[in-house]
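One chain, chain A, links the two complexes that follow: it is found with chain B in the first and with chain C in the second.
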Partner chain A sequence: MTDRSPTEEQNVDLARRRLLAGAAAAVAVAPGVMLVATGASARPKGVAADANKRWGMLIDTRTELSDWDTAIDACKTEQGWGGGNNPATDPQWIRKVAIRNKSTGAQATFPVMCQHCENPPCVDVCPTGASMQRVDGIVLVDKHICIGCRYCMMACPYSARSFVHEPVHNQRPHMPRGMGTVESCTMCVHRVDKGQQPACVEALQAKGSNAIMFGDLNDPKSEISRAVSAHVTRRIREDLGVQPSVHYQGI
Partner chain B sequence: MRLVTRIFSIALVGFTLAMAHSAPASAAEDGSKVPMPSPSKAFKGEQCVEPVETMRRDHMLYLKHQRDDTLRDGIRGEKYGLNECIDCHATKSPDVAGGELRTIEPFCGECHAYAAVKIDCFECHTGAADDKPKQSSSLPIDHGELSDKAMLMSMMENYLDKGATK
Partner chain C sequence: MAAIDKTTYQEIAGNGSDYLSLIGWLGVFVAAGVAAAFYMETQGHVVTGMTNQIVWGIPHVFAVFLIVAASGALNVASIASVFNKTTYKPLSRLSAILALALLAGGLMVLVLDLGRPDRLDLTYLKQNFRSIFAWNIYFYTGFFAIVVVYLWMMMERRFNKYARTLGITAFVWRLALTTGTGSIFGFLAARPGYDAAVMAPLFIAMSFSFGLAIFILVVNVTYKSSKRPLGDVISFKLKNLLGVFIAAVLYFTVVQHLTNLYAAEHAGVESFILLDGGAYTLMFWIGQILIGGLLPMALLFHPATGRTSQGINIASLLVIIGGFVQVYIIIIGGQAYPLEMFPGFEVSSSFFDGAVHRYAPSLPEITLGLGGIATALLIVALAVRYLPILPASLADPIAEKQPASE
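Right after this comes the complex of A and B.
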């Protein structure tokens, strides 16, 4: 991968999207002036997500390969996906991607999930408004109004979303899932709102690994912000200009 | 003139109240074979988040309003959450999961079967109370033995489904 600055065309494209998003977004972001220095903390009851936060992840690809299985298993257990019999169509919230540099032979394996883009194409194309971005940057599917058209899956450059083809039973109380809707990584929004870390991050930490770091990219004092400013990181397909929240180190 | 209006309005209110009171009773007594719903008492707690009459009429509005606040705005811990409904109203029933799990479907199904209003909530949400950790999410609930009521509900769901797809 090479780092390319967004071309003029892409800038025009983004400007159009922002214009279409309308003045409402600008009004919603402007009033919040308070900047909280802490990273993940539980919000009190009845308080909406904080527009000054931008949750993100830093994934260190130079870790042990088994770490990614730990992360994926933790995700399955937490969110209740996996265990189907149709690998071609079963939902997959995180997957391992292996890359190899043909000229040098260098290889890397890392997890790819929803990258929680700042300019999410899935939200742009959704005909019902089900594909949405919370003010703190987490991209979600509102399954109450998802009609299962799968346009977002076509638009996502990371193939991060899955369509649920089969009936689902025994869902987790915090994670409703149902046939005919699209789903993807929620960055464990139910845990983040309680001031906890996503399940994959916690499982890795319990194992003694810091392969995935989670935190507020807008807070200059947060661990992730300091790491991102101290080391060279990259985001997959940065050239698209979608501004993902997931940073990778070592690729 | 004013007195006449007042007497008339009092009479009107009285008549309306009498009608409202007698309407369910007459529905049960006029020979219809569908019995009036009798949802079970809450598994725990004595007082719902709103008066019972309000909840019977407006529970869906509360749920619908709060689901958008929670999912889209991230507002947590408000009082009309579906999980809170389940926590109190889920009961063990032989109709669901062989009576091993505490689920809310029988409670909701009581009136929804009577009114023939299909509930979509549990297409995605679990109706089971979070009493013990669940191991696997992919094992289907055992629908092997359906009772009469469950059979009626599934037939009705099928009917409503087909109606909706036309």
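Right after this comes the complex of A and C.
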């Protein structure tokens, strides 16, 4: 397939290191390689993710169907996936799932992505620790040490992960991807660390939709905490006890 | 203490064109397997049959089958060392070699099907001990180490006295190893086809059966082709044992499905395998139960076929075919049935949620799998040629001279 030039390779490598440093600061990566982050409310350089936080999402399933396309397109643009021609093998970090109650006929459509479980089975089964959880609850794959065994994909109750089947193009500097490794929603950790919202949330807000709310579930004053305490929400397969961070309203 | 082993072990001549062409063909298959793996790694797994839904394809079927059979192949040595059944003692060395060879072949396939096999060192450098995979790395390497030392103790006369201790260690280790392999599936709570503790004992029973079936075929073929005498006593003992192991696999299969059927939440996946899963249902009843279970049992215990080498060979071959099908149903069938993300709902998406997933093995995957089998057989073929592994004779008088303790 296509080979990258040495310079491109170096750039990607540098970007990988940056991501790794930012993403895995909590698991103590090599010193000296730290995320180059800017922004007023950014997590300061060299400081580990905040264990007091628990980032989560609340998805309102009663929203316009087109909202979900907005969210998915924003994710593709931000993270550089999508655009393939092989539906069975192309990665999908976030997807629209339609459900229909077999007995009542009631229907709903909403996005499903990595649910950033508190007890993530993907992290438990990963032989090398590539599949990891930050102290603030965000579940990630460290693509430097993923060996591509796909055990996490077997263990995930949500089919949230994709295996990169083909050479990748148009990589984003903040999001290195690699053929032969596994990837999934990062909750836009690179943006969260800069004090921003995930790309899907921001894109929806830009069009005036609040269909996905993002925030700190541990902070009782946050908008998301107030929302999940005011209304009954559901988390997918709660019975498994994995404690997802993504809440759904309206199903 | 075990009786002193008076058996004469002798390398096979291995000069004939048959032997050389066997080595040549096995070499071709090994090379083709490695080439297939290289092709998959450079082009990406898009050239395989795997998808984001069926993430473990036929290479895993080959690998798990070989790894499970490896621990079972050691049984003959274990029976001799651990349980002091001296009739089996002369075949202990072959049993250990076959176990090593099958494990090597299985691991080769498993590793070469990784997304990044070049990062194999990370499985040692970075370990997550909550993962049964990380445990298995120790089970597998430990098995190699223990069986190699065990073989050495058996082959070096002055160390024979330690063979029993090593044999017991190896026996316990192999039980742990197969428990670990079965638990890869048993620990997957989200998958309705797997999440069951019975996976571990089922895999142990499978290992006993598949490993012994391969062992019997290897013994019969090597003795016939090297024109060494092979008596009925040892043959009949082995085939009776195989019959018992086939029954054990059938028993655990019944337990596996009955307990699953009892839980209403698993009714879907059970009906998929047992009733309406199309190819998987057919494979279950025809491949696993009939060809891999009932037919070989009938052949082994029917007086007309059970006392002929053809009957025993065919029965062993059927156990291997049925066993392969069984592993296929567990691995591929278990993934083909959709995850129950929303029980009670119809589910659909661009990611094939709620749909039965399709899988078609690709040529590179099958070639890699066959490469693993060829690797195992090549190791055995070279070992019996260059090491004193095989008894010069397994004719009845010699076999019977050993004090029968049954």
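We take it that the second predicted complex is superposed on the first by the 210 of 251 C-alpha atoms of A that agree within 3 Å, B and C clash if a C-alpha of one lies under 4 Å from a C-alpha of the other, contacts with A are read in each partner's own complex, and residues count from 1 in each chain.
In the analysis below, a contact is a pair of C-beta atoms (placed from the backbone, for glycine too) under 8 Å apart; a residue touches a chain by one contact, two chains touch by 3 or more.
This is a predicted model, so every value here is computed, not measured.
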item	value
Side-by-side fit of chain B and chain C on chain A, or clash	fit
Residues of chain A touched, compared between chain B and chain C (which is higher)	C
First (chain B), second (chain C), both or neither touched by A:Val232	neither
Partner chain(s) touched by A:Met179 [first = chain B, second = chain C, both, neither]	both
Touching partner for A:Pro91 - first (chain B), second (chain C), both, neither	second
Partner chain in contact with A:Pro167 - chain B first, chain C second, else both or neither	both
First, second, both or neither for A:Gly82, with chain B first and chain C second	first
First, second, both or neither for A:Lys102, with chain B first and chain C second	second
Chain B versus chain C - smallest C-alpha distance in the overlay, whole Å	6
Chain A positions touched by chain B in one structure and by chain C in the second	167, 178-179, 181
Residue ranges of chain A in contact with chain C within the complex	1, 86-92, 95-103, 112, 121, 123-130, 145-151, 153-159, 161-167, 178-182, 236-237, 240
Touch list for chain A against partner chain B, complex	43-49, 80-84, 132, 134-136, 140, 142-144, 167-174, 176-179, 181, 189, 193-194
Chain A-touching residues of chain B, taken from the complex the two chains share	67-69, 71-78, 83, 86, 123-126, 128, 130, 134, 136-141
Sites on chain C touched by chain A in the complex	41-46, 50-53, 55-56, 114-117, 119-120, 122-123, 126-128, 130-134, 137, 184, 187-191, 335, 339, 341-342, 344-353, 358
